[in-house]
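Following: one structure in C-alpha cells, then a few remarks.
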Amino acid sequence: MIHAPHVDWFALSTVLALLGASGVALLGAVLVPRPAQRAFAATVAALGFTGGIVASVWLYVASASGHRVVANAFYRDRWTALAQAIVCAVGLATTLLSVEHMPGWSRDADRSRRDDHVAEFFALLLASAAGMAFFVGAANLMTLFLSLEWLSIALYVMCAIDYDREGSLEAGLKYLVVGSFGSATLLFGSALVYGATGSIGFPEIAHAVSARGLSHDVLLVLGLALVIAGLAFKSSAAPFHMWTPDVYQGAPTPVTAFMSSATKVAALVLALRVLATAFPQEARLWTWAFAGIAVASLTIGNLAALVQRDVKRILAYSSISHAGFVLIGLSAGTALGGRALMYYLIPYAAMAFGSFAVVAARERELGVPVTLDTIAGFGWERPFLGVAMWFFLFGLAGLPLTGGFVGKFYVLAAAYDHGWAWLVIVGVLATLVSLYYYLGIVRAMYMRPSDELRVGAAVAGGSPPREALLHVSVGLALAVAVGSLFAVEPLVDLARHAASSLPF
Amino acid sequence: MLGPGVVWYLGVAAFLFGIGALGVLVRRNPLIVLLSLEIMLNGANLALIVFSRHVRGGAGQIFALSVMAVAASEVCVGLGLVVALHRRRLALDVDRLSELRG
Amino acid sequence: MLAISAGGGLVWAVWAIAAFACLASSVAVVSFANPFYSALALIGNLGSLAVMYLLVSAEFVAAAQVLVYAGAVMVMFLFVIAYVGPRREAPWAGGPSWQTLGAVLAAGALLVEIVVAIGLSAGGRLSRSEHVNATFGSPEWIGRLFLTDHLLAFEITSIVLLVAAVGGVILGSHTRRQDSGAAPQDAEPRRERDLEAVR
Amino acid sequence: MTISSVTSLLIWLPIGAALVVWVLPLSRYATGSLAVLVSLVEVGLWIEQAARFDFDAGGLQFSQRASWFSDLHVSYHVGEYGFSLWLVGLTVVAMAASVGYGFWVGRERPRAYFGLQLFLTGATVGVFVAQDLLLFYAFFEAMLIPLYVLVGVWGGAGRLGATIKLLIYTMAGSLFMLAAIVVYGLKEGTFDLVDGPTSASRWLFLGFMLAFLVKAPLFPFHGWLPDAYREAPAEVTAVLSGVIAKAGTYGMLRIAIPTFPEPTSYYRTTVLALAAATLVYGSVLAFRSPDFRGVVAYSSLAQSGLITLGLFSGTGLGYDGAVLQMVAHGLISASLFLIAGAVERRTATGELRLLGGMARGRPALATLLVTVGIIALAVPGSASFAGEFLILAGSYQRAWWWASIGAGAIVLAAMYMLRLISAVLHEARGPAVADEAMDVRPGELALVVPLVACLLALSAWPAGISHHSFAGDAPSGVVQGQFK
C-alpha cells in the first residue's frame, strides 16, 4: 500500500498558477487562430503572472512560520514567497515588454511570420518563471537540481526563439552548453554531499554534519565547492561569467531583460538558502568563497565593461558586477546580509529589467544592434524612455536616485558588520570604475554634438513605433526603482521577515 | 558489498566527470560538446548510485533516474538548436561563429 | 543479483572490465574526430556504466540506462548526426592554444583534486561494507519511493520533459505548415521559403 | 503649516516642481516662468524662516525627523543651525539668479534645463539641512547628477572632458566618504549627526575630508575645477562656484571638525598647509589667467583655501569669519560669473587680451563689475573684508605665519581683481568688443543687482552673519559641543 504524502497545494499555488497559465497558453498555440494568438497568449501570461503575484503575496502573509511541505521537498516560507513575488513581477513586466517585441520583431518585412511561436514563447516564459518560483523554494538537492534544469531549459529555448537571427541561435546554444556544464558541476557536488552525509534534504545535511562531525570531511567540502560553482554559473558571477556577455547580447532583448533580473534573483536567493540551511557549519568556508567570487565579479565585470561599445554587452558586464555586489551581502552570512540581499534585489531587478527594456525600444526603432553610436541622441528623441534610462543607469551606478543607492549601502553595511572593511573598500572602488561606463551611455544618449544626434533619426526613417505596453513596463520598473528609495522601511521589513525564515 | 569498494567506483565517476568537462571545454563541434556533457552527467550519476548503495538510501537512485530524464531533455533542446543552426547553414564551429565576439 | 550471488573475485573481474570499458570509451568520445564515432563510443560507455550499476544493486536504474539512454537518446543523437552530416574536426590540431591549455589544466586539476580527496577518505568511512536487502534497487521499491518520498521530484521531472519537448518542437519546426489562419497573400513567399528550406 | 516642515518644503518644493516641469508639456515661456516663480517662492520661504529663526537658542531649529530605515538607525532628519540658515539663504538666492539667467538667455530644451536647475536647488538645500549622515550623502551625490547633465548638455565645446573630470573627481572623493559613513554609522550605532558621538578614528576623518577637499576644492584636489568652470554655462558656473563648492567647506564645519576632534587636531597643520598652499596657488593662477572666467575660477579656489584656513584655525573668530566668507564669496562669485556670462554673450569670448574698453558707453556694466570687484578684493568696509579679517584674526591666534600667508594672499587678490577690471573695462578697446555691443539689459540687471544688493547689505552689517551663525555667539563652544 502506498501512502502518498500530504500535498499542501496552497504552498505550491504560485507555481501552479504559472504552470496552469503556461498550459493554457500552450493550448492556445494550437487552438486559437493565428491572428489572435499574440493577444490571447499575452493576456493569459499577464493573468498568470498576476495570479502568481497574488498567490505569493498571500503565501507571504500566511506563512509566518516556515516549514517544508510535500515530503519535505519544498519550503513554504516567506523567503520563498518574497522571491516568488519578485520573479512574478518581473515576469509580468516582461510580458508587457514582449507583446510588441517577441518573437521576431526583426521579421517586420514579412508580417505573417512575426506571430511564429508567439504563444509558445509566452508559455515558455510562464514555465521558466514557474521553474524559478519552484527553485527558490527547493528544499533538497534533488528538487534544487531539477527545478534549476526546469527554468534553464525554458530559458535556452527562449534565447534561441528569434531563430532567424544567427545571434539568437548561437546565444541559445552557448547558454545551453555553459548552463549544462554548470548544472553538471552542481550535480556532481550534490552527489558528493549526498555521499558524505547520506541525505539530500538541506536541514538533514546540516544535522548530519553536526551530528557526525563532518565539517572537515573532504567529500563534503569538495561537494560544497562544486555546488557553489554551479550556483555561481547561474548567477553569472566571475569567474563563471564567460557566457554572460555573449548570451545577453545574442538573446532577444526581452529575454535578456528577464534573465538579467529574474534568473539572477532566483539564483542568488537560493544560494543563500542552501548555504545557510544546509551548510551552516561550513560558513567559515563559503563566506570566504563568496567574498572571493564577489571581488572577482566586481573586478572583471567593471573592467571589461569599460571597453565595450555594444550597450547590451555593457549592461551584461554591469550585471556581472552587480552579482558581485549582491555576493558581498551574501558573503556576510548574517541575517543583515540576508536582508541586504533581498532588499538589493528589488531595485536591482527593476533597473536591470528597465534598462534592457529601453534598449529593446531602441533596437526595434532602428532595426540594428544598439551601440554607443546608435543610441546617440535617443534621450532627446524619446524623452520618457531617455529619462527612465537615465534613472536606471545612475541607479545601477549607485547614485541616490533609486533604491540601488540604499541597496549598495546595505550590502556594504552587511560586509562591515561581518568585519570585512576591506570588502567595503573594494565595493567603493568598483562603484567608481563603474561610473565611467554608465556615464558613457548617458553621454551618448544626451551629449553628442547635434550633427551626430541626427544619425539615429535618419536610420529610423520616421516616427518611432507605438509601444504603449513597453512604456507601461518601463514605467513600472521606474516606479519600483525610485519608490524603493523612499519606501526602504517597508521593503526592509518584508526582507527581514523573509530572512527570518533562514536559520541565522 | 563484495568486490571493489565505493572508492573505486568514485574514482571512475570522477574520471568520467573530468574527461567530460575537458571535452566540453576543448571540443568545438557542438555535437561532441553535447556528448561530453552526457559523460559529465553520467559521472555524477555513477557517484549518486554508488553513494545510494553506500548509505543504503533510495534518494541517490531516484536522483539518478531524474537526471537521466533531465539529460534527455537537455539533449532534446541541444539537438534542436544544432539542427536549427544547421538549417541556418552555419558552420558547426563554435569558434567560427564570431558574430558575438566583442 | 550479481553482486550478491557471485563471489568477490568474479565481481572484481566484471568491475575491472566494465570500468576499463567505461574509461576507454569516455576518452574515445572526447577524442574522436567524427561525431558519429563519438556517439557510438558513448553507447559503449553507457552500456559499461549499466553493468556497474548492476554491481551496486541498482537494477532498475541499469535497465533505465539502457532503455532511455542507449535506446532513445542515442538514437536521437545518431539521427541528428546523420541529418547534419558527419563533419570531421581534428580535435587536437593546431597546437594547444592557451584556452585549450587552460581547459586541460583546469579539468586535470579538478580530476586530481577529486581523486585525491576520495583517496584521502578511502581509509575511513567509505571502505565499510554495507549490506542491503533484496528489494534494494528493485522496480517496485523505486516506484514506491517515487510516489512517496520523492513525489515532487517525480512531478518536476515530467515538467522538465514537457518543457524540453515544447522547446524541441519550436526549434525543430522551422518550415511552418500552411495553416488556414494565414492571409492568402502570404502564402506565396512562405512556399518559396519552404522550398528553400527543403533544398 | 507647522514650523518644522518649512525645511522639508524648501527641499521638496523645487524637486516636485522639477517633476512637474518634466512631466507636463508646458511651453518654453510657461516652463521658465514656473521655474523662476518657484525659485522666488523659495527665497520667500527662506526669508520667512529667517525672520522666525531664534539666533540665541542652541540646538537644531525647524527640525523634522522620521525614520527612513530603522534597522540601521538611518532617519530622514533635517533642520537648521544659524550657519546652515545662511548657507540655505545663499543657495536659494543664487539659484534664483541662476534660474532667472537661464530664462533670460533662453536655454535650449527648456523643460529639461529648468527641471534640472530646480532639482539642483532642492538637492543643494538638502545638503545644508540634512542632519543624518546617509541623508547628507544622498543629497551630496544627488547634487552631482543635475550638474553633470547641465554641464554636459548646455556647456561649451570641451564639456565632455569637463563633465568626466568633474564626476570622477568628486565621486572618487565622496565614495570614500560613503565607506567612512558605513563604518562610522555601524560602529557607533547611529547615522544621526546630532545624536552621534565623536570618533577618534583618523581613517574615517580622512574619508570624510577627502570628499570635502575635492568638493571645496583644495590644492591638489582641484583638477576638475578649471575645466568645469570654463565649460559650464555661465549661470551653472555661478552656482557651482558660489554654492556647490561651499558644500565642501560646510561639510568640514558640520561633520569633519565636530565629529572628529582628535583627528582634526592631529591633521590640523596638514590641512592648514594645504589651505595656505591653495590660497597662494589660486591667487597666482588667477593673476596669470588669460580669461575672465579663469580669473574668477582660480580666485574661488583661493577663497576655498581661505575659508578652510579659517575653519581649521579652530578658533571662534575663524569659524565666524569662515561662515561669513562662505556667504559673501558665494554671492561675489555668483555675480562675477553672471557678469562674465553677460560679457561673453556680447563678445563671444572671455579672453582678456581680446577684451577691453567696455566701460565706454556701458555705464551699468562698468558699475556692476567695479562694485563687485571692489567687494571681492576686500577693501575695508566690504563684506569680504570683514570675513577675511575675521579669518586672519582667527588664524593669527593659531600661529602668526598662517595669518601672514593669508594677508599676502589678500594683496594678490587685489592685484588680480584690479587686473580683471582694467582688462575688461579700461585699456584700449579689444578686438572682440564691437561698438554695437550693448550695455547690460534690464533683465540682466534684475538678476545681478539683487545679488550685489545682498553684498552691500552684508558689507554694511557683516555681524548679521558673523554674530548670528552659532548659538549664543560662541562658535568654538558650539562646534566643540557638536552643535548639541
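Descriptive notes on the structure:
Labels for the chains are A, B, C and D, by order of writing; each one numbers its residues from 1.
Note that contacts are C-beta pairs under 8 Å (C-beta built on N, C-alpha and C of every residue); 3 or more make two chains touch, one makes a residue touch a chain.
Here the structure is a predicted model, which is why all the values come from computation and not from measurement.
The leading chain pair by number of C-beta pairs in contact is B-C.
Averaged C-alpha coordinates give centres for chain B and chain C that are 6 Å from one another.
Averaged C-alpha coordinates put the centre of chain A at 25 Å from the centre of chain B. Taking each chain's centre as the mean of its C-alpha atoms, chain A lies 43 Å from chain D. With centres set at the average Cα position, the gap from chain A to chain C is 29 Å. Multi-chain contact residues of chain A (touching two or more other chains) are listed as 142, 146, 149, 153, 156-157, 160, 163, 195. Contacts with at least two other chains are made by residues 114, 118, 121, 126, 149-150, 153, 156-157, 160, 163-164, 167, 170-171, 174 of chain C. Of all residues in chain B, those that touch two or more other chains are 6, 10, 17, 20-21, 34, 50, 54-55, 59, 62-63, 66, 70, 73-74, 77, 80-82, 84. Every pair of chains meeting the contact definition is listed here: A-B, A-C, A-D, B-C. Of all residues in chain B, those touching chain A in their complex are 6, 10, 13, 17, 20-21, 24, 30, 33-34, 37, 40-41, 43-44, 47-48, 50-51, 54-55, 57, 59-60, 62-63, 66-67, 70, 73-74, 77-78, 80-82, 84-85, 88, 90, 94, 97, 99-102. Here chain A touches chain B in the complex through residues 140-142, 145-146, 149, 153, 156-157, 160, 163, 166-167, 169-174, 176-177, 180-181, 183-184, 187-188, 190-192, 194-195, 198-200, 245-246, 249-250, 308-310, 313, going by the rule given at the top. By the touch rule above, chain A contacts chain C in their complex via residues 2-5, 7, 19, 26, 33-35, 70-71, 73-74, 110-113, 116-117, 120, 123-124, 127-128, 130-131, 134, 142-143, 146-147, 149-150, 153-154, 156-157, 160-161, 163, 195, 217-219, 222. For chain D in complex with chain A, the residues that touch the partner chain are 22, 67-72, 74, 109, 112, 134, 137-139, 141-142, 144-145, 148-149, 152-153, 159-160, 163-164, 167-168, 171-172, 175-176, 178-179, 182-183, 185-186.
The part of chain C that touches chain B in the complex is made up of residues 3-4, 6-8, 11-12, 14-15, 19, 22-23, 26-27, 29-30, 32, 35, 38-39, 42, 45-46, 49, 52-53, 55-58, 60-61, 64-65, 68-69, 72-73, 76-77, 80-81, 83-84, 87, 89, 91, 100, 103-104, 106-108, 110-111, 114-115, 118-119, 121-122, 126-127, 129-132, 136-137, 141-142, 145-146, 149-150, 153-154, 156-157, 160-161, 163-165, 167-168, 170-172, 174, 197.
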